[in-house]
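Labels for the chains are A, B and C, by order of writing; each one numbers its residues from 1.
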Amino acid sequence: MIDIQTHDIQFSTKGQTDIIDITDHIQKVLAKTGKQEGQVFLFAVGSTTGLSTIEYEPGLVNHDIAESLEIWAPYKKHYQHNQTWGDDNGGAHVRSTIVGPSLHVPFVDGQLTLGTWQQIVFLDFDTRPRQRKVVVQVIGK
Amino acid sequence: MIDIQTHDIQFSTKGQTDIIDITDHIQKVLAKTGKQEGQVFLFAVGSTTGLSTIEYEPGLVNHDIAESLEIWAPYKKHYQHNQTWGDDNGGAHVRSTIVGPSLHVPFVDGQLTLGTWQQIVFLDFDTRPRQRKVVVQVIGK
Amino acid sequence: MIDIQTHDIQFSTKGQTDIIDITDHIQKVLAKTGKQEGQVFLFAVGSTTGLSTIEYEPGLVNHDIAESLEIWAPYKKHYQHNQTWGDDNGGAHVRSTIVGPSLHVPFVDGQLTLGTWQQIVFLDFDTRPRQRKVVVQVIGK
């Protein structure tokens, strides 16, 4: 029978478009539920973060994604957000809204259906280290 | 027991990357269902819109997001879409496809698990005022 | 009663931001399940792909989306990913992570609640033709 269970994972980030592979965390949550078929739903709590998938290799993760985002949401730029709040993370907020906080990954026979070169990542766009939480809901049977 | 209920919310928008806080609407829909644990699923009907989360403050909402999107999908540019259909909203369509129409937010103990500075927003990228509909499905127990 | 069923669709793509209308495929999968109310969940397997919705007309699909993405993730550019792996698809990976692999569309009375000018699309950002798979889970009653 279909059921829904809510968990969360917590971890530290460095900010500055820190891209963290959380695939193992998610697989462990899934394994604990014992569910065989359904969806894992991940939600990033916070407004300077994002969730997506990527081939988790250093070139993309430490350089290419950040460089591309600098083109349209550079960290060093005049943002109204920064001026209003005496803040420095306007670019992080812009990136977060475009990438989005919500991701689902299916599972079948108790296994995530990711591609071979596809990992689940949490993106921390903020300008400083943070403690982060991702809500993980497993819905399935 | 897990059930699914479909509702919708409707509202007017001004277009031109009008970013509307719909968190209260969603909380009211959720409260009516009486469900305690699950997911609220929002789907933006239309191809010049988007859904995401943001810290809902005037700098980001009225200025910074729009300025960043202007870099890669400016409203005033030659789009094939505009030429083919005698239209002026090619940039709105491009923004919509990249941001995406679909968002889920978890709830636990009947409350959305949003961050303190994280609101649910509907983004209307179109070039003119519109009447909009968001389908809201509550799945949970 | 709520149930969940997993299917998949497979198809060939040309790459280079090939945007494919998969709405009919999804409607057929939905029709086979006989479900009346719920969500169709689509997940793109692979790290150079994406899922979204669009008004499926040639100007946007063959020109405008690709041109906008060229601004911040051009195919012809020096990516660390390409240098490390002797590859040429760094820009495809960047596009994929920002657009995202996961999409849900609601259905009511057995019909997807898409807008009149809103189709479901698979985006293949890779630089060469590929054989692709999208996992399709129908959850509903």
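To be clear about the criterion, a contact is a pair of C-beta atoms (placed from the backbone, for glycine too) under 8 Å apart; a residue touches a chain by one contact, two chains touch by 3 or more.
A quick note: this is a predicted structure, and the numbers were derived from the prediction, not measured.
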Rigid-body rotation angle, chain C and chain B, from Cα fit (steps of 5°): 120
Chain B against chain A, contact positions shared by both copies (same if over half, else different): different
Chain A-chain B separation of Cα centroids, rounded to whole Å: 19
Residues of chain A touching at least two other chains: 2, 71-72, 98, 100, 102, 104, 139
Touch list for chain A against partner chain C, complex: 2, 37-39, 52-55, 57-60, 62-65, 68-69, 71-72, 98-100, 102-106, 108, 113-115, 117-118, 121, 139-141
Residues of chain C touching chain A in the complex: 2-4, 6, 41, 43, 45-47, 71-73, 79-85, 90, 93-94, 96-98, 100-102, 104, 135, 137, 139
